[in-house]
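Paired with chain B in one complex and with chain C in the other, chain A is shared by the two complexes that follow.
On to the complex of A and B.
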């Protein structure tokens, strides 16, 4: 069926803004990544692949920030997925209590990262914080810590905060996925005499795989991009021990004004995220089971 | 059974206790917090910090800025993205598909890539320290996810509906506004809530583009209270409560839609 040419006008406002404020800057970042631009002066020199070379060979903080990002990601992905799945299985059936609990567990998701950062800075506070006081109370006072000030554990403290922040959202995705599994399959399993573990392994898990992949993929990307929380809680410190790639890019761009170099790092960052996304999309395809 | 109930309770407490501490601390003085960080406020329920923060800070200004930026960002993103989604499904050819892919690719690009050149572009266009500037950037950066969700939904609408309307002589605008939009309300409302939460809580773009107090939004203002009040948690938490209040109230009443919206964003993103 022929459609009026006026349809092209529908693309205009959105495409125009998107091109000007998103596509153009993104493409420019690629361009600037080969320069020594400082972001302020009009002139800059082409430096070839120097920025990339520096990132890969000469920049220990960059390497550290990738390591921190991986640590953070690993802890968040493992714990958040397990917590979300375990609790989703418990609050699966719809009744007043489970609906209330799901809403409660989901609640932190609607807060701003800055608010969550303040709340957890208080919890972790070495002298005022509830965490150390609680440890004293149960006789584990020797575990009391400066949770955000100790360079060895600060990144894990941040990871715990991230799990508190977003586990509820993932729980809801699991609940949606689990509720979509037809009851007949469970009935068949019951008739066949399958025990709880067998039922989980043969019915629940295979059919849950798509939501599990979504949760893991989303959590991975989210933990790579967790700029706000880290920026507001530790600013990358102490001693760069919580510096992740996103905060490091911000630092070199807007604190030391090395726009060219920051652009190169951001391009590498984009490629890392693209590779992860691609791998997970592939996994998603192969895991999908229809019924 | 006992173990299950016990775990549910522990998780519930892990959410509730920190929130309770925030509320209680906002009613204490700083000395009291240092003396007794976790106890009840000695003077009972009182809102001294709330009046103080409105006197010391241009709180209502920050509040207004957040409201304006969020309102315009959400509604314009929805409007422009739904136009594009409609265009894509009606064209149903390589042009539509290319536009769809162009937006989808945008979801893969982290904000850190575009933000550096964007910063100098905003300076060149004199759009820093401007609410309009923030709104334009917000629209552009959330277009990909909005286009993705809305196109996915509109694709499921029966094509015959649009074709029948065309035969009846309805133009594109009419079909868009009288057929496509009313039928897409569930996905529009889910997207709206997703965007609402995102824009209300956004820190990065105000942090980059706003230095003048007159244009700061709540998350940025809150972040800077940290520099000013340091470990004065009563004041910080008073700020947290004021900044979160609209979102919390909306959540209490529109819970179902929030859950649908926030998971649509995750599942589709």
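On to the complex of A and C.
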């Protein structure tokens, strides 16, 4: 069958948008990463690999922000995946209660980041916050903390908020994945005498691997880019303890007016995310099976 | 040097997107009926001033039927990240505003300020208060607001307890002890947001009376491990250890800190004069004034407080409507217009002959002429990364670190970021 050349015109709008909003900014960032552009001036100078050298050897906060990002990412990926999976198993069957619960769990996802930041800043407030008051009420006052003001725990407090914010979204992916598993396989497992854990390990999880891959990869990328929540709740403080790479890039670009250096960090950041996502895909692909 | 005019399409695309983002806070007061009118763009970050500025713009348009003003208000952070980027092609921000310090320096370096030296309306401003908008003998911007970045205190409470404004660090501690004995937290410190960057100014003003101290820090002549900064950090540590600031101060937001003062649980709010109106809104019975901690002995004290001339009005050098933009600034600098702005926003201004009507503005106006205040030291740190290091050391100490250790860690960051 001969395909008319005019069909290629249909690619054009998508290609144009992709080029304008992805290729162009990416190439621009790469270009500026070799310059000292301040983001405002009409001119700049090429500085070779100076920005990259600075990022790797002379920037304590950048290294700290990567460390914070990894802590944040690990907590969020582990807990968001587990919470979403656990809740998905609970609300798997289609009835009025589970449909209501799915909507309820999904609800935080539709809120704006700023609203979530406001709600959780209030929850975490050391004197007026609900969390500490609740702990006092149930006799666990000794667990009350300065959740966002203590540099040792602030990043984990943010991670909990992130999990609350996005677990519902991941739950939907898991529910879709679980509902796609054929019932026959569970029947066979039952006939073979498999208990619940064996059924989950040998039937559910392997067939859920494609969904889990999406959830974990998406959660990883999402937690690396969790700019708005962190920015609104702590601004990277106290003393850079919640500074993640995305907030640091903002600081460097828009408060310090070092656009060239911010571009270099962005490029490094992009490469780190790509590597981690690639490794995750590779690891999770080995778990997949097909019948 | 490379010219990157090829970037224009990208910047325009970005501009279109970002203008969309600011849409909700856009106030278009343009005179749509006047075909011959020239529309100028006025961008700033003060959403709380929208109503009064809308009214002032309406008056301006009535007086100048050939000019209309489109005001776009960006949230403060968005203004930094996007608003000022739109200045580059001259189509937005014929009149714009800038903070002093790093932002002013960056915009000046980019050549986006039109030189206002010699304009008639410059003489409407107090010449001593507009120096912060000068660079290389040119008046690049005109600060409009005058704020005092020092603690607001409950004057009525002090009178009830027989307390006087302390004149030395020893007296300050005695005063704080008396407040504690009366179950009152001496200082409500909003450490989760603006506390460190506001309170550092008055805490260090007499420990380092040299106004060039941060310039010296930035060029390597001074370090944070020297006496002036370590003493400042030790003073912060003392406030924290003695309970002079509330528990968990680093987790306290400005709203919570304001509530503490409004409810008279705390005697002082470690922010600035700009919060006085809001405090009175929460508790109209409060009697308020300003007081900076004197961290040295009385005989060594040089300064009594901190001032900041900010919300700096400027004309975009890339604009094609500079004359109309200057007309608008001239209008804002007229005493009666400035008085309206001052009284409706609860701010002191840098404009001469402003008549303050509100009680709180009248009662604190003596700080403008009768007290020895110094320009906010934080705004003299022109490198934002160094500023972050300085502020981080305060948070570090309030988090439990030893002052010298915190100073050393901060100095390392200063060394990394020195240009």
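Going forward, the second predicted complex is superposed on the first by the 259 of 291 C-alpha atoms of A that agree within 3 Å, B and C clash if a C-alpha of one lies under 4 Å from a C-alpha of the other, contacts with A are read in each partner's own complex, and residues count from 1 in each chain.
We adopt the following convention: contacts are C-beta pairs under 8 Å (C-beta built on N, C-alpha and C of every residue); 3 or more make two chains touch, one makes a residue touch a chain.
Treat the numbers as computed from the prediction; the structure is a model and nothing was measured.
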Which of chain B and chain C A:72 touches, first, second, both or neither: neither
Partner chain in contact with A:133 - chain B first, chain C second, else both or neither: first
Contacts of A:109 with chain B and chain C, given as first, second, both or neither: first
Residue contacts on chain A - larger count, chain B or chain C: B
Touching partner for A:254 - first (chain B), second (chain C), both, neither: both
Which superposed partner A:125 touches (first chain B, second chain C, both, neither): both
Partner chain(s) touched by A:4 [first = chain B, second = chain C, both, neither]: first
First (chain B), second (chain C), both or neither touched by A:15: first
First, second, both or neither for A:24, with chain B first and chain C second: both
Which superposed partner A:239 touches (first chain B, second chain C, both, neither): second
Residues of chain A contacting chain B in one complex and chain C in the other: 20, 24-25, 28, 39, 125, 128, 231, 250, 253-254
Sites on chain C touched by chain A in the complex: 1-5, 7, 10, 13, 77, 80-81, 84-85, 87-88, 102, 106-107, 109-112, 191-193, 246-253, 256, 259-260, 383-385, 388, 392-393, 395-396, 398-399, 412-413, 416
Chain A partner contacts - residues on chain B that touch it in the complex: 4, 7-8, 11-12, 14-19, 21-22, 25, 33-34, 37-38, 80-81, 83-84, 86-87, 90-91, 99, 102-103, 106, 108-121, 136-137, 139-141, 143-144, 147, 163, 166, 171-173, 176, 197, 200-201, 203-204, 208, 218-219, 222-223, 226, 231, 233, 236-237, 239-240, 243-244, 247-248, 251, 255, 258-259, 262-263, 266-267, 269
Complex contacts: residues of chain A adjacent to chain B: 1, 3-4, 6-8, 10-11, 13-15, 17-18, 20-26, 28-29, 32, 39, 83, 86-87, 90-91, 101-115, 118-120, 122-123, 125, 128-130, 133, 164, 168-170, 172-173, 176, 214, 218, 224-225, 227-228, 231-232, 245-246, 249-250, 253-254, 259, 262-263, 266-267, 269-270, 273-274, 277
Chain C-touching residues of chain A, taken from the complex the two chains share: 20, 24-25, 28, 35, 37-46, 58-61, 121, 124-128, 146-151, 231, 234-235, 237-240, 250-257
